[in-house]
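I am attaching a structure below and will ask some questions about it afterwards.
All chains are identified by letter, namely A, B, C and D, in their written order; residue positions are counted from 1 within each chain.
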Amino acid sequence: MLSEESILKTLQHIVGVEGATNDTPDLIAYSRDQNWLFVPPQKPDFVVKVRDKNQIREILRLANRYKLPVVPLATGVNVRGLCIPTQGGIVLDMREMNQILEISPSMMTATIQPGVTAGQLSVECMKYGLSPNNTSAPDTVSAFANYLLRGLYFTHSSEGDDHILSMEIVLPSGEIIKTGSSGIKPTAGPYARGGGPNLTGLFQGVPGAFGVVTEMTVKLRPYPKHVWVYFFGFDDIDKEIEAIDEVMKLKIPTQLTMGTLPDMSKMRSLDDFTALMGLMAERMEQNLSESSADQVAERMKQMAAVFPKAFVGGCILDDFKDRFTLYKKTLRKTFMEAGGRDLSSIIKTTGGFFFFYEDDMQSGGRADATMLRRGYYHALAFYGPLNRYKEYDQMFKDVAVKHDLDPEGALLGGITCAPWHGQQTYLERSVLVDPNENPEGLKIYTKECVENLLDMGIYGWFRPYADTLDATLERWGATGEFLKKIKMLVDPNSIMNPGRFIF
Amino acid sequence: MDLEDWHDVASSCMHCRICVNPEFHEVGGWVPICPRGNKFKMETFYAPGTFELIRAIIEGELTENSPKLQKAVYSCTMCGACSALCEIYSAPGAKVKRMGKTFVDMYIDLRTEMMKRGWGPLEPHNAILKNIANTDNAWGGTRGDRERWAKGLGAKDLNKESADVLYFAGCTATYDPKLKGMMTTAAEIFNRAGVDWGILGKNEKCCAGPSLRIGDRDQFKAYAEENIELFKKSGVKTIVTSCAGCYSTFVKEYPEVADMSHIKVVHVSEFISRLLKSGDITFSKEVPMKVTYHDPCHIGRYCGVYDAPRDILGLVPGIELREMMQNRQNSWCCGAGAGMKTALPDVASETGVRRVKQAEATGAEVLVSSCPFCAQNLTDSIKEADSELKFMDLTQIVAMAL
Amino acid sequence: MMELEEWYNVVSSCVHCRACTSSDIHMTGDENLPICPKGNMFKMESFFACGAHEIIRAMIEGEINENSERLQHVIYSCTMCGYCSYHCELYSPPGQKCKKMGKTFVDIWQDLRADMMKRGWGPLEAHNAILKNIANTDNAWGGTRGDRERWAKGLGAKDLNKESADVLYFAGCTTTYDPKLKAMMTTAAEVFNKAGVSWGILGKNEKCCAGPSLRVGDRDQFKAYAGENIELFKKSGVKTIVTSCAGCYSTFKNEYPAIAEMDGIEVLHVTEFIARLIKEKKIEFTKEVPMKVTYHDPCHIGRYVGVFEEPRTILRAVPGVEVREMIQNKRNSWCCGAGAGMRTALPDVASETGQHRIKQAEDTGAEVLVSSCPFCAQNLMDAIKESDSDLKFMDITEILAQAL
Amino acid sequence: MSTEFSMKTANEDAVLNTLRQIVGPTNATSHIVDLVAYEKDQNWPFVNPHLPDYVVKVHNKKEVREIVRFANRNKIPIVPLAAGINVRGLCIPTQGGIVLDMRDMNKILEVNTEMMTVTIQPGVTSAQLSAACRKYGVRPALTSAPDMASIFANYLLIGLYHSSSSDGNFHILSMEVVLASGEILKTGSRGLVGAPGPHARGGGPGLTELFMGSPGSFGVVTEMTAKLYPDPKFNAGVAYGYDEWEPAVEVSTKLMDARVATQIDIIDDNLLITFLPTEMVDRMGEEAVRKMLPKVVMICTITDTIKERMEVNKKVAQGICKDVTEGKNFGIASMGGLGELSSGGRITTGMLQKGYYHCFAFYAPLNKCIDYRDINYKTAEEHGYSADYDASLLAIPQAPWNGQLTYYELEVLTCDPTDPAQLKQIQGYSEDLVQKILDCGIYGWFRPYAEVIDVTIDRWGTTGEFIKRLKNLVDPNNIMNPGKFVY
């Protein structure tokens, strides 16, 4: 094994003296995030700032030869510890590798590097009258990593979550793989899916465990000139689900979020509200923070009188006026006929949540970051069919009661995902237990919910987070074994973000 | 506060990096906002990195000093931008806001802890502290020179007489000959408006803001107590200062040392704006100039004084004010803050040059601000960037229009 | 009739698009149905037309150079219903090439069996029995010549060996020698008399049309009988020949012209002739026949020649009859299973194919399955028994007899 | 009395006996009469015919698994065949071995209108599936290949559909693959035990697309769940003929940008003729019909479940067409067979009319359409074909429209390869055209046809190497349809 000095010297030879460091202050900055309960903090041995793929290639070759773990980090903003070097090694900080290599209006594509953030991409695309599929995550996240791990988008219910056309991956061996247009030289451009097996899917959904993705070409769409945010209340969740299914099958909504709301009459103060409404309350709390206590109580009473048992909210984005108005009319008619009440105006004035998203929905932004205000954001997120929403919801409530947590203490929210086959819905149960107060309680609660979900049957986890992986492995059968084989093929020395996916 | 008291805030950083770039809708582009991080790039030099450093120091994970630690801690201009952004969106900002504080308070306590452990400050900082201790000002200027600028400008000597307004010039403006105009114009305006004002002259001491921001809490406490005594003794109701640093120190730090509630502290831009509104002074001459205004962090982000300077410029006939891309709470720091100009001049210069470039981009001929530190650094930066821009203090513009 | 080698270009242009294996959904009630009896039964690709093309190519190229039971099974289990040819003709190369030559795949399969006989690889024992019968008794069933005219006694049929008439009614061996089918001829006679048609029969001198010999592969026997028959027809001086047997009809229409000139004698199937009589108002139906029927198009008058509408006009003309179409009808009909010597050589194919058709007939809810060909009649009646269906089989003439 | 015909043949051996134990005596054969049917298809100029050693009719997954495991142990090549009508020799056993005939493994296991998914076996044909789905008021992605094709294989090889311009051409949600080792790999949501149905894509890396785009070279796919779409009750069409290509390309680009079309086809006159009913062409004579046809036709079909949306989209489409140029309106009705667009059919078999269907199919941006046309016409002329009669071009813009992803097909439909001179001509033309197109730059080939795959491998660089390593991982003994894909 090389000594630490010689490794540092080699790294500095590759990226320059300023680019590589093993000073403790630098290492500390990369050692943890708020998900410490499930991903224990760990300092890397080295931090390297890279600027281009040749540097990455040399570093990977070095790491592969001496079995040094490598953790690729685009901006590191995932609050789920995906970039914490749990086995030490090198953190490959690609924040400065943030060029938008090309935006092509005629091709409606953008070719970006890992460090490009969602806000940066949205701003640049706007100059061409275009827009990427904007993530609902804060705009400081790396758009690159968000597409790689398939995030949530304001176009989730009409465009789905696959927005990568082709990408370039550096394997630990130093080889560079081109997916999608299968890299036939000379190619007409790294844009679209070419023939033969498409490898793009293989390297998606995996936090840098198969190789370092250094470049990707993503889909753009015309800037949505028209945006309409809606919020409907339902008292009958079954009718609501039926109406949602009908609307999704008509291929109308751009984003559709749904969920049940806790019993509003129990709300007295803002703290009740925050506890009951969970994530949705953050921005409200901010809006109400200036008003006096009784103003707040008055606002709570107003809302309690109006709030439904279940809600459907979201937006419609389109660039053609008459098609846009047709969608609005059809969606409203479908929901109203199913017993929905249009609460948009009331919600806009009282709580405001959902509507603080309005300009984000059109052009991206960071309103969603308000979810982080409590200092912890722990959520169990998975994909399942919408028609089993009630079963999943009931399960979470039962487990909460079992651990004497308030069953109404959190919201099971769902976002419908195009192309809607299998009623594929993103379902998230935000867990409002503060890990600092009751770490063990949260761990037990999460473990039990994960086991129950797997027993009840889900389509798959939203992402391979640490708290879901081990329970899933035994149930993955031959597919799990096959993924291990693929991992051994691309990363025989298991240096790529080890311990983060399968092994 | 002690550093330990910040443990909860420090360990609740979500690493969401909202503090690294301002909201692009407001700014119209994806731009950096943290001078230190933008220059050194490593995460240690951004707020999330600093939070982890503080947590590591408190928890004993980081037990010995190192040049990298010093560089990380002392290259921060304390411009407060990260705090302003985090406050809106994320956890540490929300907690700090509930405490009525900002990240700057934490960074100050970090430097106090560094000094306590003998891990800092840097040599040039010690020179500043020594100057303040010996000559009551950071520049080593003699007490005698304190009042030289005011000779023949009709300023009462508040050590003996009494007046409504105490004009606190501030060391930097007093001892930097290039900035003399800031005070003389202020005096001219007071007289023109018939304001009953005076100065402390020789007895005017440094507000000790720099000592606090370098980490010498004791020196700051001593000077703060003396100054507050002096202010009470002078019996004035209002203190007006041209120096943004003094202004923020009087408004935010002094109340924690001793009761200051009986005295109202007003920045010169606020005072002039009030005089204009009350009609005590009016503009008569045309000032056909294209200008852009730089918000000094200590009056802007620290205290929310954004509109007064713009109201003034708005009333100046013939002037055209063009906003820079990054303005108000999203302003880019001039680079001089927290002893940067003396200790890490490369940070000050690089930050200043970037601000000059932003000013040029507006097509303005003159870059205006209202803080002696910004004045010094931006003037130097204009030279370094050999830009055709001219720097003028707000009061100089007012003088031209009177 | 051609040598097998002459088909080389057609068979090797098969693109294996398998249009010959299932129906075009737009033609069969939006259902994707099997169309090839032997393929549907034995499943292997060799039992479909595209398989047969490759086998022929292999036999021509010598890749298949020895006989085998498998080869015989593949070749002789084909009822020659022509459905595959019809579908290939629509878009694919072999069918299009045949169409330009004015031929169909049936010609290929006939030449293939001729080649098999030439090579001594066929036909099967059961086929040889048929050929021997025809050679000895001028009919495939071994019936005596004397019995040829027994059915016509007292029905006013002129003896065209001595007298002359406008129409020669050619009964056909199967109709003549199968007692169950006697009514087909007697009703035809009754209709002719009622319509005042001057008609006669050849009686003892009526010989087998030798269609079966051609389809079994004995081209020489066919040529001989065809020549004699054409002479007989010309000598009888009739203007029109009417036959109840679909097999004889297609042989006279499609095969005889290649043997010798027919001097413009018009050949009509009994359904065409009766439809004409109805149009000319020579006969009309008076009695009510309240019956739900479904009509099975015999391949030899339907797909081979194109007689689809006439039988239906007859049925519609009979008061009280409700005609219901099966899902596979007219040019898309499923074969009854009896064609090309199947009933004698591979009865299992005939039976299963027949029962498949019975099920389709039952699905229409009709009480009576009607057709107009003795082979179909025999096989469908047996199939009704085997699948113990409560359908009844009637020849079309029997129905109109009830309404006269 | 049923006659027994034995299938006895000289080359019966232990392998055949094992196969017969697995699938039953009548379902496995090595008789020459049965083998010849699998020996060739019309692409023999580029995939030389070869007899399989055995043909096996399988009916369920268990049989497939046992056969694959047996073949892997004895290193016997396996060629999976769903309907085998790809007319490009993908199922020709070029290295002998076992042809796995899955034509009778053709059950539609589940049509689920609530989940809008259908679970099918390999032998299910497009006609069978589209007819079955219509009963439920839904439709699968209707392939523009003839409806006798296996829709299963068509989805696996990523075909072309009557809605490729709006639904794209990825219709598989999850599938079950039997690997050479006999392991059964379940992709998408099937992989997770207890998943609520094989209906959707699960999280984590997508393995489904790994087994798409190659002719069974990575394993035998035995079951898949595919997407269903609502059966469009309303359909309209906008079709314009142009004598220049530029307006056709410009209109299509704008229509795709506006996302109003279900399908856009840009067809030149040489190809258009094959779609017209043969009687009409024979009756009027090819020359007269050619005069009637414009040089290139842009057909935009708009189908929808919501009437108003179809009207809105149609209005936008007509607006776009008018803005570009006043093209000659070309009624779809006159297209005869093309009316089958909404229900699937056999019209495209017409392209095979002349007995041989030589085509190059690849993906590339629409804005290079005219370059490819010129390359095809020039190369055709150089090899003695006439650009006006023989060489033709079809372009179909694909969703997702990013990268102006367009399917191109350059054809010569007038060659009869049985004539040695024409055979040499087409092979020369093909070799020349491959290089020219690759030099001009494409995204990738439509399918790994024989005549393009070996030329492409050396241009595929490390990606090609990586795919070889993947193939080696799943099929170490190279028994899966060897020689057809990477090696």
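Quick note on the criterion: a contact is a pair of C-beta atoms (placed from the backbone, for glycine too) under 8 Å apart; a residue touches a chain by one contact, two chains touch by 3 or more.
Since the model is a prediction, treat every value here as computed from it, not as a measurement.
Centroid analysis (C-alpha atoms only) places B farthest from chain D.
The interface with the largest number of contacting C-beta pairs joins chains A-D. One simple way to say how far apart two chains are is to compare their mean CA positions; for chain A and chain C this gives 70 Å.
Rounded to whole angstrom, the centroid-to-centroid distance between chain C and chain D, based on C-alpha atoms, equals 39 Å. For the pair chain B and chain C, the distance between mean C-alpha positions equals 108 Å.
If you draw each protein chain as a dot and join the dots that touch, you get a simple line with two loose ends.
Two chains count as a pair here when they touch; such pairs are A-B, A-D, C-D. Listing the residues of chain B that touch chain A in their complex gives 12-18, 20-21, 23-25, 28-30, 40-44, 46, 48-49, 52-53, 56, 61-62, 66, 68-69, 72, 88-92, 94-95. Considering their complex, residues 9, 12-19, 21-22, 24-26, 30-32, 42-46, 48, 50-51, 54-55, 57-58, 63-64, 68-74, 90-93, 96-97, 124, 126, 345-348 of chain C touch chain D.
For chain D in complex with chain C, the touching residues are 1-3, 5-9, 26-27, 29, 31-34, 36-42, 55, 57, 83-85, 87, 101, 103-104, 125, 127-128, 130-131, 134, 146-148, 278, 340, 343-347, 349-350, 352-357, 416, 418. Considering their complex, residues 18, 21, 23-26, 28-34, 47, 49, 75-77, 79, 93, 95-96, 117, 119-120, 122-124, 138-140, 286, 359, 363, 365-366, 369-370, 372-377 of chain A touch chain B. Contact residues on chain A toward chain D in their complex (touch as defined above): 106-109, 150, 165, 171, 175-189, 191-206, 210, 217-220, 222, 245, 249-250, 320, 322-323, 326, 330, 382-385, 387-388, 419-424, 454-464, 472, 475-483, 485-486, 489, 501.
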